[in-house]
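Structure first, then comments.
Read from first to last, the chains carry the letters A, B, C, D and E; within each, the first residue is number 1.
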Amino acid sequence: MSTVAEELPAAGADDAGSASLWSKGLYKFRRDRTGMWSLAVVLAYVVIAAGVWLGFWATGWADLAGGKWEPVSAQHWFGTNIIGQDIFDRAIYSTKTSFEVGLVVAVLATVIGAVLGAVAGFFSGSWLDEVILWLMGVLDSIPFLLFVAAIAYTLQGNPYSMHIAMIVTFWITAGRLVRGEVIKLKEMEYVEAGHALGLPEFTIIFRHILPNTSHILLVQATITFVAAIKSEVILSFLGLGVKDGMSWGLMISESSQEVLAGFFNNFLAASALLFGLVMAFNLFSDALQDALDPRTVSES
Amino acid sequence: MTEPLLRVRDLAVEFDTEQGVVRAVDGVSFDIYPEETVGLVGESGCGKTVTGLSLLGLIPQPPGRIAGGSIEFGGRDLVQTSEDEMREIRGSDISMIFQEPMTALNPVFTIGTQMVDVLRLHKPLSAAQARREAIDMLGHVGIPAPARRIEEYPHQLSGGQRQRVMIAMALSCGPKLLVADEPTTALDVTTQAQVLEQINKLQEEFRMAVILVTHDLGVVAETCRRAMVMYCGKIVETAPIEELFARPRHPYTMGLLNSIPRIHEQRPERLPVIPGRVPDLLHLPPGCRFAARCERVLDRCRAEQPELSGRDSAAACFNPEPA
Amino acid sequence: MELLQYSLRKIATGIPLVIGVTLISFLLMVYFGPDKTYELVGKNPTAEQIAEVRAELGYDQPVAVRYLDYLRELVTLDLGFSDSTGERVSAILARTIPISAAVALPGFILGNLFGVLLGLFAAFYRGVWPDKFIMAAAAIGMSISFLIVIIAFQILLSSSYGLNLFPVRGWDVHSIGDYVLYVTVPTLATVFVALGYNTRFYRSVIVEETTRDYVRTARAFGMPAGPLYYKLILKNCMIPIITRIMFSIPFVVISGSLLIESYFGIPGVGKVTYDAIVTGDQPILKAVVALTAVLLVAVQLLTDIMYRWVDPRVALK
Amino acid sequence: MSDVLLQVRELKKYFPVRGGLFRRTQAQVRAVDGVDLELQAGQTYGLVGESGCGKSTLGRAILRLHDPTGGQVLLDGTDITQLDRQALMPYRRRMQMIFQDPYASLSPRRTVAQTLREPLDLHRIGTPAERDERVRELLDVVGMGPRALNRYPHEFSGGQRQRIGIARALALDPSLIVADEPVSALDVSVQSQVLNLVADLQRERGISFLFIAHDLAVIQHVSNVVGVMYLGKIVESGSASAVYRGPKHPYTKALMSAIPVPDPTRGRSRIVLEGDVPSPRNPPPGCPFHPRCPQAMDRCRSEVPVLKRPAGAETGHVVSCHLYD
Amino acid sequence: GSNGGPDPELAGLRVYHHSADGAPTSLDPAQSATAYANLVVINAYDTLYSYKYLARPYELKPNLAAAMPEISDDGLVYTVQLKPGTRFIDDPAFPDGKGREVVASDVVYSILRHFDPTVRPQGAWLWQGRVAGLEEWKAAGSDYDRPPDGLRAVDRYTLDIRLEAPYPQLLYTLAMGYSAVVPREAVDYYGREFGLRPVGSGPFRVTSYDTARIVLEPNRNWRWRPVDLAEEGYDPDTQAFTGIAAIDGQTPPFVDRLMISFITDSAARWNSFTKGNEIQYAGVPVELVDRVLASKNPVRLAPKYEARYQVVSDIEAGFVYSAFNMADEDFGYHPDPEQQARNRVLRCAMIRGFDWRRRNDSFYFDLGVVFPGVIPPVVPEFDPDLSLDSVTRDVAGAKRMLAEAGWTADNLPTMTYGSVGGVRSRQFYEQFRAWMMEIGYPREKIVLKQFATFGDLNKQWRESRLPLISAGWGLDYPDAENTLQLFYGPNGAPGSNSSNYNNPEYDVLYEQAAVLLPSPERTRIYRRMNQMLIDDCVAVTGLSRTRIAVWHREVLMYPSANIVGGFFLPFVALAGDNGILERAEPARLTLN
């Protein structure tokens, strides 16, 4: 076969930048100072959590290391709590819990939301869509607390009942967003091109459409991460939170009594760490959203 | 010859991009005289829309900015004019029609509301007066049953009608200059013909100047008195329309005219094309930007930038096609 | 006529939703749910007494029978009596829902109103310092735990350790004056927390809208920034705004805010629901869930009609 | 060269407009309303018409991207409108589409190589190594080097993207390509490049094209046969030279007269069409063009004209207009 | 106060505003299981007997009864005379809207309700198997028109109670809210909602009631009599500081309105209290003890508070403890006697690992009283000389015991620690776990199992599914029998003996003591039983908490949250125009 159209220049000889959408995003992200800082903070938390997980530090979180409400000292950096546990250790240990809750919930809720949302959107108007919409409506109608409590009962004693409850509730937002986006995207010509080639529908959904909702998914995952951490705080206050271990939520609910007694260490330690992570994640997700905004990336 | 209505000198517009600063418009100078229609043509991405937008101070900031030059209009330099004053000028002195009629109109207001709003911004009219005027104007641009149509929403109109509403809005304040940015690209030829007809008619009626941005040379040939050819951020040739089509001087203009598929000719095997492609705005060659694709290239072209020598009929070329 | 037909259809499609909600929540909360038996038996019960209580509560019935009972209760609007207090469930809801609504609404309205305003403001200054400042403040609002906000406001405004301007807690409302007095601190706490989320959401919606072509058109015709934002852009943003607001309504009205109500000692439905959860008071739970579902269906209908009102392109499909 | 590749008979595609309590179909958009056409192997059928007249719908219905409401589409004599998904697969290989918007038709998060490999993988053409080779070859055919392989669509210019789209359409070696306004987003010089490419491909491989465009000059340049559509129906068709030289239908005439000519010295004598474009939801009775037709007669208002060859016209040149009865 | 201002409706009214740390769910006496319910019930209803306002130790006095009962010589028949002329409050439940007189058959009816399942009663265990014929009556369908033999209204004002065996605690039960007298008309009239609409003959009537607050007004028709402080057990040495001497000889009610706010959250409760006029009585939250008190022994307020508030500390009638579930083979009885012996060592070691001193310090202001066994300090049978070894921590000893019995980190059984949600119970768990870790328990083997409702946890206990029961027991009456029955074999799960302690010797002693009136002999038996529990290491016991009550100085009262419960409320007096204040010491009455 001979090459036709020989007058056409070889493409890409002088194309501006050969970066992919992602590396362009990364490039933009790297130039975003706030974004980088927030990422650094998040990574620092990850390191802390990993260290806890590997048993490098905060191993003494359950011990009675001192007396009641000891003040800050070289030995107890944030003092001790009412039963004499080291608050610093407990706050550090809680980092791990936050990631366990946040990551598990964020990843699973987003994945489920993406899959169901994409399927519903792609087959919008069909019975499959109706069923998924119905499910979303149903799950949305049950007040969150009630629902979490109900799942906690149903899975009596299961250490993941809280996770499951959150996932079952949180996937809906991702699902609705993805569904809307997919309805828009499926009218795109590249989807039609897939049909024209005879691609199976599921290939079209999962290889062609879903990747193009990644900006939504990423941002939604980070938001869910934060929401899960924060919900854990409230659920712990209600006694529906983590079973074993420690979390900032538990520390804060402990402290809500103590601040009255003028003892703020528990409160400050947990709030500061929680605040730092949530804030960093917020800024991080903002920066990510900007970096991956197709309007500013794809202009060539 | 009368004083020019608009005098653009060395206009430069830059955009910040992740790879660096892009100079989308680089030292453009031209004059527009009252009541004339000037075509602005050129390859996609050469800076036509950006030039048009900068006349109204609508360059998106950030990432864009006017990096230099002046736009003299009615005795003042629009580059230096404050946003508040620009607002006064927009609509009443300079208007613009955008390419996509569906999205350029606000989908949730009736066209009546939108037109009345614009009218009352610039003229001291009561709501009822403004409405009457709007209906008049719709009639002018050839919308049938304007009194009924004015109550409709953009999505209830056809593409051609929407475009005509845009024109009506643009004209309703009696601007002295209208920038029409590819007003007919989305339309089929009969509708396109109607729209262009309309612009022409109204231009005479309202005595305004029009800058018509398009890549359709047929449209330019039919509507304009004069045309400017842009290439890669610069105006490479400007000439009265007959002259341009009969004796294009810049090799790029030549190439462009040659590429046009024409009707009623012996169907050629291959259409002529300009070989090569537009240089990357980030990595511009030091000399003439067309040099790499030019058949008539000289050594000098690769080192030096040619300048546009005249205002009304000139080509920025060291080795132009002999006249 | 078309609207009526449409409404009927929507309501008809709401029935499966209500059935779904009731069935799922029934299974979760009622069948597997908390067991009231041991709250009701005395200190030293015998096995027969336990069986008697279970029979009294209807726990000895098969699930299907109990679920059908539930549906029958809904259809006949006879919601029964609380298992804890013996009060008629309808009376409890009638007593507490208005209070919850009265407590939650000001915060809800102000939170959304200011959210939209700040969102507009931030979007207008997109990328420059007012925007950055507002967004940072929103992030702070989102990051702080609600619990702490409540406690902080309580101590700051209501306690003898702080300004001591408002009652610490309670709901002793007989006049508008009382109402303002009691509702202020809960409202401030709610707004403080909601504002972060709302501003963020509304800003992104509005920013998205400012990139639309019609905005450029309006500017090209000399539209000043003020009317451009609050009139043109805002109306185009109404669909996501309405969605967000409307779909929160059932929860604002029926669920109340547990934290607010328990910390401020307000006898609202949030507290009642929570107590019902932790004591397994199934008649109340069943009623609350069903009511939420019904309200959601109503809201869905209303929202669709509002869509049509703000956006002529949305036909009743 | 007269084996008929594609035959379309009485093809109809109606879109339902639903409403009411039970979402009953209340009205129909008659986007394509009984179209007949024939395409010889290795030839190009040019399709023009007002925007919204059903050109894209017709193209899609032929490829069965829409399931037609009625009529037949015969590819090499087989009616593909009746085939199920499985049976359709071999025919999918033989017909492809080039889309109007080159950017929208490429999956933005897939590299060129992924995009081009996909149909080969799907239809299990050759070994994986052969498929890689084939992808390079395709790029070569459309004049792009292997450096394009691992890049994303947004990194290319419009013309390049359009070429990628063409390469994808060629991947399965189809005998029919429906090109839906493939050049309208491009400026003239790039447009010429693409048109040349199409011509080369057709010459080399004998591919048939159904070529949809607004630009009549382009249509004339590429087509052997031209069809003019109005409101879901073909109102005139014939060999390109015949139609361009002697347009018969008043609408075709109006179209021809409206073509902007890139020659400022030529005078203009446009036929300006008055009145609104009727809606395919409730097309007017009689001839669909009659409300705007400068030559409309009483008869046109009630009687639907059929396609026939007017007296004195070339063979194959047909028009549906009462003027020629 | 600056907040809300005085309610105009309350202007001129003497209002006493009390706070409780929890809300009653029902005001039906048959369901008055909680202290919160009891507080209201005994004020809205009449009981036959009541506790004297000020007497410590607690003493009964006739209330609705005209006098203390006549008891037959065999101790089996009690005859109670009612005071004539007591009327139920006016209520639409009565045929003419007018409250009718309370008669003996009302008492019979009220107690019988506990044997009618449709009432969902909670007090049956007090009389079951003791008062003759109740079971048969219930079995026969709970027909109120045919009362059983054991419970008869002899005439309008005379009540006969016939017992199957002597039941010395019977009188106490007749002072409990469970036995409060309700009119059948109202029960029938209000049906399920009776619990919301008390129709009683007590000193107060309920005017409004919700989950946040209840409002009561004095029942003017009640048999108010001038206060005789001496008769109420006034002890000038310990009680004079309250200024209640001022009410001696005066006739209550001294307030026009009684409001009780139910505030679970201690911070909110304390904030409301310290604000001024809003709430006049509260308990001091644990967290605040160090700020509020100047000294703990004796309890004295810090100067900042002393000027404004009165304070009294009150040891609870009850205690907190953890009992092993002896039916659990890992910790309790085992078919293999050797293993059973090792299990006992394990229990003993765990008990020795438990640090009551520290628990007291952490959570009970260091004001709680730690005692061995299950006879708490509040009852007369308490033995102050008992060895404190079983409640003194000895980590080394515990470790040694475990080692000697062959317990290692590997073979120690997993301890599932059941708990409800909530900060405090979690802290208990964490503290417990840490202590057990210190005696060699691996952390993963002390597992928390949380239940969102107390009912669910209770269910696990009652169904004997958890190895450890951590609970508090509130005494129903001031008699150690009430706690010793917690280990009586036949009371095993689902009864109150959740630890399933099953010791025939103990059971025999219990049965012996149960029919004895208070006597040194009975005390001796009680103490022997107590020692058996200690020796068998059945439970980690115990600690009786001390409550610190504070109230505004303008309020004259001597409150008690214990057995006396709400019996003090009719005596509460306030600054007002009835002259009481003038007689009180003026210096103490300065209020902001």
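In the analysis below, a residue touches a chain if its C-beta (ideal position, glycine included) is under 8 Å from a C-beta of that chain, and two chains touch if they have at least 3 such contacts.
Since we're looking at a predicted model, the values are computed, not measured.
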When each step joins two chains that touch, the fewest steps from chain B to chain D total 1
In contact with chain A as well as chain E, sorted by label, we have C
Between C-E and B-C, name the chain pair that shares the greater number of C-beta pairs in contact.
-> C-E
Approximate Å spacing (C-alpha centroids) for the pair chain D, chain E | 89
Cα centre of chain B to Cα centre of chain C, whole Å, reads 53
State, to the nearest whole Å, the distance from the C-alpha centre of chain A to the C-alpha centre of chain D.
-> 47
Chain D touches at least 2 other chains through residues 157, 193, 196
Specify, in ascending order, the residues of chain C that touch 2 or more different other chains.
-> 34, 151, 277-278
Junction residues of chain E, two or more chains touched = 267, 452, 456
Chain D residues touching chain B - in the complex, by the definition given at the top = 49-52, 157-158, 184, 186-193, 195-196, 199, 214-218, 220-221, 240, 244-245, 254-255, 258-265, 268, 270, 272-273, 275-277
Name, in rising order, each residue of chain B that touches chain D in their complex.
-> 42-45, 144, 158-161, 185-194, 196-197, 215-222, 241-242, 245-246, 255-257, 259-264, 267-274, 277-278
Within the complex, which stretch of chain C touches chain B?
-> 127, 212-214, 216-224, 227, 232, 235-236, 238, 310-313
For chain C, which residues count as touching chain E in their complex?
-> 34-47, 49-50, 52-53, 55-56, 81, 84-88, 95, 151, 154-155, 158-160, 164-172, 174, 178, 181-182, 262-267, 271-272, 275, 277-280
Note: in the complex, chain A contacts chain C through residues 134-135, 137-143, 145-147, 149-151, 153-154, 156, 226, 230, 233-234, 237-238, 249, 252-253, 256, 259, 267, 271, 274-275, 278-279, 282-283, 286, 295
